Amino acid sequence: MARVVVDVMLKPEILDPQGQAVQRALPRLGFDGISDVRQGKRFELEIDGPVDDAALDRVRKLAETFLANTVIEDFTVKVES
Amino acid sequence: MARVVVDVMLKPEILDPQGQAVQRALPRLGFDGISDVRQGKRFELEIDGPVDDAALDRVRKLAETFLANTVIEDFTVKVES
Amino acid sequence: MLPSSGGQPPNPRTLDTVKHANETPGTEQPWAELGLKQDEYERIREILGRRPTGAELAMYSVMWSEHCSYKSSKVHLRQFGEKAPDNDALLVGIGENAGVVDVGQGYAVTFKVESHNHPSYIEPYQGAATGVGGIVRDILAMGARPVAVMDPLRFGAADHPDTKRVLPGVVAGIGGYGNCLGLPNIGGEVVFDPCYQGNPLVNALCVGVMKHEDIHLAKASGAGNKVILYGARTGGDGIGGVSVLASETFDSTGPSRRPAVQVGDPFQEKLLIECTLEIFREDLVTGIQDLGGAGLSCATSELASAGSGGMRVELDTVPLRDSSLSPEEILMSESQERMCAIVEPGKVDRFLEICEKWDVIATVIGEVTDGDRLEIFWHGDQIVDVPPRTVAHEGPVYQRPYERPSWQDELQADDAGRLPRPGTPEELREQVLKVVASPNQASKSWVTDQYDRFVQGNTVLAQPEDSGMVRVDEETGLGVAVATDGNGRYAKLDPYAGAQLALAESYRNVAAAGATPLAISNCLNFGSPEDPAVMWQFAEATRGLADGCLALGTPVTGGNVSLYNQTGETAIHPTPVVAVLGVIDDVARRTPIGFASEGHLLYLLGDTREELGGSAWSQVIHDHLGGLPPRVDLEREKLLAEILVSASRDGMVDAAHDLSDGGLVQALVESSLRGGKGARVVVPDGLDPFVFLFSESAGRAVVAVPRSEEVRFTDMCGARGLPAARIGVVDGASLEIQGQFSLPLSELRRAHEETIPALLA
Amino acid sequence: MTARPSPTSTLDGGPAGRGNTRIGVVTFPGSLDDRDTQRAIRRAGAEPVALWHRDKDLKQVDAVVLPGGFSYGDYLRAGAISRFSPVMETLIDQARAGLPVLGICNGFQVLTEAHLLPGAMLGNNHLHFICREQKLRVENAETAWTADYTAGQEIHIPLKNMDGRYVADERTLDMLEAEGRVAFRYLGMNPNGSLRDIAGITNEAGNVVGLMPHPEHAVEPGIGTGGTDGLGFFTSILKKLVNL
């Protein structure tokens, strides 16, 4: 069994209220030197069987049609070592 | 400027209904072979200045006190290449 | 003040200044891509006496889009003004962000319903969420504190797989945004019909309350006054989104054609509300406008157009989220959660201070001038120089051809009265169960439980009551009630009558709760205006609504038109949604729908005829749509409403429920389940039990009358000429139709409440 | 009582109530039920005092309520950002020293994030916002905020939240049970997947109490769910403070 990770982030041009809220709170917490924060989702999928190209293609398809809404979000798929 | 990523996931013993909902939807979408799904958060922080040990320590502190609630969540910090 | 980041310094080679436009009259311009027609482009050139600059072209194109200019609907909407009933209650009429109604005791109420149909199909959550955000800012801009929202919704077939994607997203979006703003959701609709498959209707309504003296208008006056943009930074999302998206037939095929949808930030909007209310309280603005469709193009041109002078704007001072935006993009961006205010110079500091208190970014971006032009500059270079009225209020007006469709006669001839009816009491019982369990008639609590209906602590009635009601004054108990209704099936059979039936039902719902109907708002959802058949439906519906409002004495205070709701050649059912606002002197006197007191007598008010065209029964049992909708009698509706309001005021009724889709049996089931008490009902002599239970004759309600009030109540109905038939008594734990069947409430509850969760689980 | 819904009337606390017991209500950016809570306090006969998140000053109030809402949009986690506001710095110290504090809904979430109460709040297990009339059992009628109830009493008050699932590790849960610190339990149905049906808890001293349902929305007949089962929270604290 292997783990594939899908990261879903809002597209750069789309407002990210969550990331902004975190960023605005940083100075109050005494953290400076962080110029931007964006918050997204991380999905950890446990895959039965080999993680070959076909399997990754299927995960990519899943990300595109279901995990992310590509109107507003980008995603990346990677195998976790 | 460099990017540091903080991944925050629910501890394994905590129920993750979001991940479960994704998993339950998979057969309907025609995806099988995925035995478990967990959903967490991904924070992308843009750091001014060098990402040295000191900077990473500060991010770790931020994650521990703020980005994650360690009563229920685990986190990892990594520099993105 | 918070820092404002201007855009990029000008690139002299690409910046299309007014000067440059004058020098290069022959430059090719992308007017067609921006949705303008050849003659519209020519007219812009004529107005300006030269070719428009890129920024001017951007402004005209969004402001002259169907969504912003109402170019196809304007000629019909005029009737709402021309046929307006005399009504002292109307303080601000059509044309402002929302109409304002006097509700007494120094209070004024503003309300409006708007559509966010197209974005909600592409991105259900954000599309619906930003729909709520937009209507709330309209209400806020009038000077009011928003106090409640409602959401009339329509989706494709309940069991269609795409409904499973769209509905939960829309509902979560409306809840996610409205709940986060602290606005109770007090009502709405959930309707399923295959005609909405590729075109769900997401309409959103907001109600606001203010004192008369707090009314604010969207106009810029007083040369030297400052123009302040405040709220969220401007980003590249939703450029031309709503306006362009909602202005042509939507083609859902290619992902490449998907235009950007905005992401809403309800937290920012909540801050904007509190900040703006504090600014009103200190009387710091002379004019104010929200930013919605067409963004800054709309706000600046409308403010300037409605005001007395001109306006000068330094566009590079606009705080941006993305510093690479071009001036055209800044003008067209539909970034959410922004407002624009006109402020006297002496009040600017205090204004900015209040914004700072609420962590709201505020920037002086320009000032009112004594000229008559809207002038916009980019790092010192002039890029816009236009007469603002030509952008905002004098857009194109079309007399679109319309024609009664050829199939209308055939549709109306296909009478639902000819459909096979239940032959035995057993069959009747089965059909009752089937109808109350059908998606359209089933309980919507799966949806409405996702909305906060208690926040603000003034909610008197909310779903599943006939109308939503909120208290306005804690001391006197003054309150307002709102209901929204629409029935696309009726409107398809006869758009004129359909619009009046929507009006009548909403009016009746408000009265059933004990409130006196005062005024209306509406959202007209139709297909493409370029189709003469659709245009005929639109013309008929507006005529019906205007005539109906005149007859009922309830003026139209405002509303919204959503056209191009169609997939390919197929338009949705014509769907006029009508919201009626009513007032009640003391909310303690409100009438709920639930049968709660054993022994109270049930009276059916109004006349029951055999009217099954467009009915829930014909849809559920026979999947049929044909014939004529129920007959409209607005004088009767008025009388019924008066009786319902008097009965509530004088404590003669304990419960009241209007009759609409599903007929009497639907009302009996809902009232029994709501109050937890059954009913024993007798079919009046001479009435067919099936017709008695399922006919959808308008102008009816069922009421529960305490025995002690029976004589007083029937005397009142008799004296005023309203038919009132005693049909039974509140009793037991079943719904029993004597001589026909008996249905335990537990069985009815299962049938009524399990449908929607099962479909969406 | 002032009546107009104009925003001024209650945000400054309004005119003094009958008693001179002063109960603070904190407004964070995104607080929603602050004005309703002030109304409930007034109905109980005490004087509500508006507290602002940016002020460390608690204005010498006798008790504090952290109201419901979506402070900071609940964007990171419910209550996570508010917990670091200036007002909380003072509040955390004073609560540890015995100041009565009630956290309702978002306020409860803030109290767990601030570690004034153990455990954490997570998204409802069904993933939806839920708004309903909820039946609760008052398990502990000895806290500062529940003395007007009797142990075992069943009450109905509105529940409305997105992140209402109470979780803590088994050891903490066992400790809470053993020490009688489960103050309220859901009855009828568990609306969000909270462990052991926990609707609210108290700290060891009984001065800090948090719960998800909304007592401030059940204080007037005919409004909201129509009942007045929630008023006891506010009369409890009033009595306690008057009898000190």
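Odds and ends about this structure:
Chains: A, B, C and D, in written order; residue numbering restarts at 1 for each.
Everything below uses one rule, namely that a contact is a pair of C-beta atoms (placed from the backbone, for glycine too) under 8 Å apart; a residue touches a chain by one contact, two chains touch by 3 or more.
A quick map from chain label to UniProt name: A, B = Phosphoribosylformylglycinamidine synthase subunit PurS; C = Phosphoribosylformylglycinamidine synthase subunit PurL; D = Phosphoribosylformylglycinamidine synthase subunit PurQ.
Predicted model only: the values in this text are computed from it and were never measured.
Comparing the chain pairs A-C and A-D, the larger number of C-beta pairs in contact belongs to A-C. The centroid of the Cα atoms in chain A and the matching centroid in chain D are 35 Å apart. One finds 40 Å separating the Cα centroids of chain B and chain C. Note on chain placement: the centre of chain A and the centre of chain B lie 9 Å apart, centres being C-alpha means. Residue positions of chain D with contacts to 2 or more other chains are 72-73, 75-76, 84.
Counting partner chains per residue, chain C shows two or more touched chains at residues 265, 267-268, 359. Residue positions of chain B touching 2 or more other chains: 66-67.
Per the contact rule defined earlier, chains pair up in contact as A-B, A-C, A-D, B-D, C-D.
Those residues of chain C that touch chain A in the shared complex are 122-123, 126, 232, 235-237, 255, 258, 260-265, 267-268, 321-322, 335-336, 359. Residues of chain A touching chain D in their complex: 17-18, 21-22, 25, 28-29, 39.
Within the complex formed with chain B, the chain A residues making contact are 1, 7, 9, 19, 22, 25-26, 29, 31, 33-49, 55, 58, 62, 65-67. In the complex of the two chains, the chain D residues touching chain C come out as 1-8, 29-30, 32-33, 35-36, 39-40, 68-70, 72-75, 128-132, 158, 160, 162, 214, 216-217, 220, 222-225. Residues 76-77, 80, 84, 112-113, 119-120, 122-127, 167-169, 193 of chain D are the ones touching chain B in the complex.
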